[in-house]
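The letters A, B, C and D name the chains in turn, as written, and every chain counts its residues from 1.
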Amino acid sequence: MPILDHLWVILVLPLAGAAINGLLGKRWPQSRVNLVAVGSVTLAFLAVAELVREFWQLPSEQIPFVGNYFTWMVAGPFRVDFTLQVDQLTVVMLLTVAFVGMLIHIYSTGYMAHEGGYYRFFSYLNLFMFFMLTLVMAANLVVMFVGWEGVGLCSYLLIGFWFLKKSAADAGKKAFITTRIGDFGFTVGVLLVFATFQSIDFGTIFQALAANSVSEATLTIICILLFAGAVGKSAQLPLYVWLPDAMEGPTPVSALIHAATMVTAGVYMVARMNPLFSRAPIAMLLVAVVGAVTAFYAATIGLVQTDIKKVLAYSTVSQLGYMFLACGVGSYSAGIFHLMTHAFFKGLLFLAAGSVIHAMGGEQNMMKMGGLAKKTPITFWTMLIATLAIAGIPGFAGFFSKDKILEVTHAGSSGNLVLWFLGVAGAGLTSFYMFRLVFLTFFGEPRYDEHHIHVHESPKNMTIPLVILAVGSIFGGWFAAPHLVGGPDYFDGFLKPVFSSYAPPSMSEAAEAGIAPSPASELLHALTGWPVIVAVVGLLVAWWFYIKNPEAPKRLATSLHGLYTLLLNKYYVDELYRAVIIRPLLWISTNVLWHGVDEGLIDGIVNGSARVARAAGGRLRELQSGNTRSYATWVLIGVVGFTVLLLALFVTGVH
Amino acid sequence: MSIIPVSYYLVLSAVLFGLGVIAFVFKRNIITVFMSIELMLNAVNLAFVAFARAHNQLDGLVFVFFVIVVAAAEAAVGLALVIMIAQNRQSLSVERMNHLKF
Amino acid sequence: MSVPFVLFFVCGALAVTGAVLVIAAREPIHSALALVLVMVALAVLYLLLGAPFIAAVQIIVYAGAIMVLFVFVIMLLNAGVEERTDFSAIAKYIGLPLGFVLIFWAAHWLWRSQAAAAIGTSASIPAASSHDLSVELFRQYLFPFEATSILILIAILGALVLARKEQ
Amino acid sequence: MEFISQHSVLVASIIKIAVLLLIVMTALAYLSWAERKIIAHIQSRWGPYYVGTHGLLQPLADGLKFLFKEDLTPPGADRLAYMLAPFLAFSFAVTAIALIPFGPPSVRFPFLSDQQAFSVADVGIGLLVVFAITSLGVYGVVLAGWSSNSKYPLLGGLRSSAQMVSYEVSLTMSVVGVVLLAGTLNFNEIILSQQGHWFHFLPRWHVFPQIVGFLCYLIAAIAETNRVPFDLPEGETELVGGFHTEYSSFKFAMFFMAEYGNMITVSCLATILFFGGWLSPFPDRWTWQLYLPGALLVLLGFYCAYDTVTAMRGIARIQLAVVTLLCLGVGILCLLPPVAAVIQGPFWIVTKILLFLFFYIWLRGTLPRFRYDQLMSFGWKLLLPVSLANLLVTAGWLVWGWVGQG
């Protein structure tokens, strides 16, 4: 069991890559930087593959497999070991992260080829891989938190990669600060967990839970706090605002961090803490509501965006909403399933978009594109596949996962019609704006100056990952295919131990009911179910709008002017935040903390002490006559005084 | 043969030391100031020897030995300094050497 | 009055006179000579105290080397009569009285303190032989001894560096 | 009488001091005579000849001349120091001799209860004391140079003080080897530590194991006494008369005598430390050596008699006759066994000292003078390291190497 016994290798590889590139890469040729960065990540992926192979042979009683490497800190009862664990959930996450990460590394070597700070970019990227893997392999909350914050850091660094561009720098700060708000909740949650369970080890916590010793109220609070963290990290309402801005970063970053991996950390965390959530129905409901609303809400914004990456960003937000919806209704496996497929097709979408932008020479506005299908065939086809996948057209990955989510939302134990409706509506919108994107980009007449922009297909090292991911986007969901024809759901079955072992009895059999094997009518129902219908409808509407009669959108926009501007300005949420939170904060910081506390109090103390010392020195320096003999006299006076004292003591002592 | 109380020696030593102090404070010439330091050291040595004799121990004498050694070193460096000073500003008066002040 | 008493008082008087002369003399070289006188007198007192080795060292090192160095420097710099400016108020009004207070109080106290008078320097105690002294020095005080050797080395270097002509 | 018996120390000391002073003074006087005579012969001249036979009365004449010359003090001289200087120089030079044992301590005064006859003061740390006194000798020179308030004396004083101080170091260092071998600072004990012979004929003197030390000592001693070739302080050619340029008449004479006194002192030291002091170089079984001093004196008497009858005329003949009778008388006296036994020690040590003095004079007649920087660099860069090395080697030899039974 070489890897299982040395889980740390998986972490050390990218870390080493980051260190080497970051320290030495500055003067290296790109080829060598590539070798280190891609090499380390590829090795990590191979290690993960080996890990999976070994994991397969692992007897089930050894799962989750925990490796304890060193004691990090001990403070009284508070003891943190650096422990890593492997179970089914981890395996899925590991595979997804490592695989997509590797592909995106390869893609980046092409995309970033002409950028400055090449070594820096890859160093950050490797570092991100390290933290992400830490996050998913962590066996206790603190180590997980390390990964959690680490990915946040890398996201900040990479969003602000072009830190000379103000908007980029601001976006980085925005992302960092916004997620901080959530992380605060997460931190408090972790502390509360320790306070409640006297431990931060997953295993211990869950066993304690199984004993049913903790009141539901406490659990609810804990779960809401943790979920706050998830909301921040996974860009849910109301903390989603940073994600669209994060598109300032290089496109591979958007693909890797802000679509495939990091933003899903929240979902992963909720899934990881499922025993807690399962015992806190209110928190569950909250999760579900937030997820559903976000899914719909973000989709509506996505309708009118013109920036190709912005559209993808909002679709990401809404897809994450679906995942939370799934978790919220108690079908974590569905959430994780969608997470994986989403990683494939959303990553693919971003990479393809990046390829488009690359082709257009940096142009991101879809209104200035069009008719690229013939010029960039690979990009076009891969992107089309991804779009079909995300739209949930049967046969593609997205269909299975999203369909499952909606199904459990509808039929699952804590199913809820409102949520279901939101989900379906969101699906329709998704299909609409995704095809809108495709039509605007690849069909119709070129709306750009062909003499200046020479559109060209991207190089191999960019297109190959596209193809691979396209394959993933098609077949990534087929684990669940047999289920539709009444067979078992392999993915769900695989993850079951994680989600049922500690789950409260009520939940577990409910989950059974939710995915109970059903007759072939199931297949028909699924194929003709609402999700598919709305998806197709969305497709057709998009076609009617943007291919049939392209001036329709404008008319609609003018007729529905109010709604249109509202959407265009993303419901004025940014403005709202600025008005409600940022400005008062700034005011307080400036007037109270800065001018008041800092200048008035602290500087006052410092300068005052200095002034006192100065004055005293001014008095005392008169003694410093520079005349040796006067110094001698002072010494003499001291000696005499001392001697007098001494003699007095002696005399009294003697007599 | 009668004995001399050790206190006699101590008094003598104290007197010499005091005179040394006075010399240190009064003398103008930096060299004589140095000499007054030596004078004080001698006074201390006398006290050492007297005590060594009184308690019939040798440590006092050893201390005297060390004092002499240190005095020698001090004289070497100090006089070198004096020479430097005298060369830099043509005066040996301590009062002229009051430049090291605010 | 036995011989030691006579010797003591004579040498003590000589020493005090020398010390006073050190203060009184206006020629630095006279001060130096007076100081040599003090040292020789003290050397005799050391002999009287049964420390002949120390006495010899006192003469050789102090009178023979250090003071020669002083005189040498005085000659080198041709230090003339020191000018009698009015010395600083501090010295006049504080240094002088305090100095005398120190002297006389210490003297007075020492005089009437039985603690000191009890132990006399009787001639019955044999003179400290240089052998014992060396044993003491090289056994118990070996480390300080070596330390002083280092000190002297440093002093030599310092003197060289200081006195060297800048080239 | 009872006063004598009570203060035997005092009386004995007074007697010894008086005798010693007498002898030393005469010696000093005739040392100058000898020097002039020998150098003259080296330079194939006659030297002092007319005052008395062979100029034997020359020192007397010189003394008178010094006494009657005008004693003048240069204007602006520091009177005190100017007066003090010669006295210091002379007295220190002579005082040192008081510690030299001229004979075995076993020889006592017959009537004064157990008082050594041949050393004025037998101090436990005689060597150190002698060094102490000689180290004070430098003051004479320095003060003389400074107080004369004149250019050349000042330079001379500076030079000689620097020279004496720096050579004193190596002088002491070179002697320490012997002290280590003897294991004592007392002269008599040092001498006794050299008793016996190697191979039955080679006297067990420290000069043989300490040859390096001896050479260092010799050079340092010559420099210490400001003698040729280290006589820069009074290098006539450069600075007229050195530190005693301004001195005249008796003060000058005192410096003169001080110089000779120092010569004698260092010769005594050399004799005691390296050549077995008052020990006879011959094995004790050669009993005839008991009569050696007397015999030599008698021979001298015979020579004088021969000279008297052949060479001399007139008044000189009478003087020489007196000398002859003196030699014969004393010689015959010394042939008496008891006397002979007593004067063995003095005879040998004096002989050795005289040889050293002759060596001094011989050097002066032979060698040119050093240059000052040569002098200094020689003293510090060669002499001191060598003597230090010698000291180290000796110490190591004593600690690890073969330790002699002496």
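FYI, a residue touches a chain if its C-beta (ideal position, glycine included) is under 8 Å from a C-beta of that chain, and two chains touch if they have at least 3 such contacts.
These figures come from a predicted structure and were not determined experimentally.
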Using the contact definition stated above, find the chains touching both chain B and chain D. C
Roughly how far is chain B from chain C, centre to centre by C-alpha average, rounded to an integer in Å? 6
With chain centres taken as the means of their Cα atoms, state the distance from chain A to chain C in Å. 84
Compute the distance, rounded to whole Å, between the mean C-alpha positions of chain A and chain D. 105
Inter-centroid spacing, chain D versus chain C (mean Cα positions, whole Å): 31
Which residues does chain A have that touch at least 2 chains other than itself? 627, 629, 633, 636
Where in chain C do residues touch at least two different other chains? 53, 57, 65, 69, 74, 76, 87, 91, 95, 99, 102, 106, 113
Junction residues of chain D, two or more chains touched: none
If each chain is a dot and touching chains are joined, what shape do you get: line, ring, star, complete or other? other
Every chain pair in contact, whichever chains are involved: A-B, A-C, B-C, C-D
Residue numbers of chain C touching chain B in their complex, please. 2-5, 8, 12, 15-16, 19-20, 22-23, 28, 31-32, 35, 38-39, 42, 45-46, 48-51, 53-54, 57-58, 61-62, 65-67, 69-70, 73-74, 76-77, 79, 82-85, 87, 91, 95-96, 99-100, 102-103, 106-107, 110-111, 113, 116-117, 119-123, 125, 128, 132-133, 136-137, 140-141, 144, 148, 151-152, 154-156, 158-159, 162-163
Touching residues on chain B, where the partner in the complex is chain C: 1-12, 14-23, 25-29, 31-32, 34-36, 38-39, 42, 45-46, 49-50, 52-56, 58-59, 61-62, 64-66, 68-77, 79-84, 86, 92-93, 95
Would you tell me which residues of chain B are touching chain A in their complex? 21, 24-26, 30, 33, 94-95, 97-102
Which stretch or stretches of chain C touch chain A in the complex? 87-88, 90-91, 94-95, 98-99, 101-102, 105-106, 109, 113-115
Mind listing the chain A positions that touch chain C in their complex? 627, 629-630, 633, 636-637, 639-640, 643-644, 647, 650-651, 654
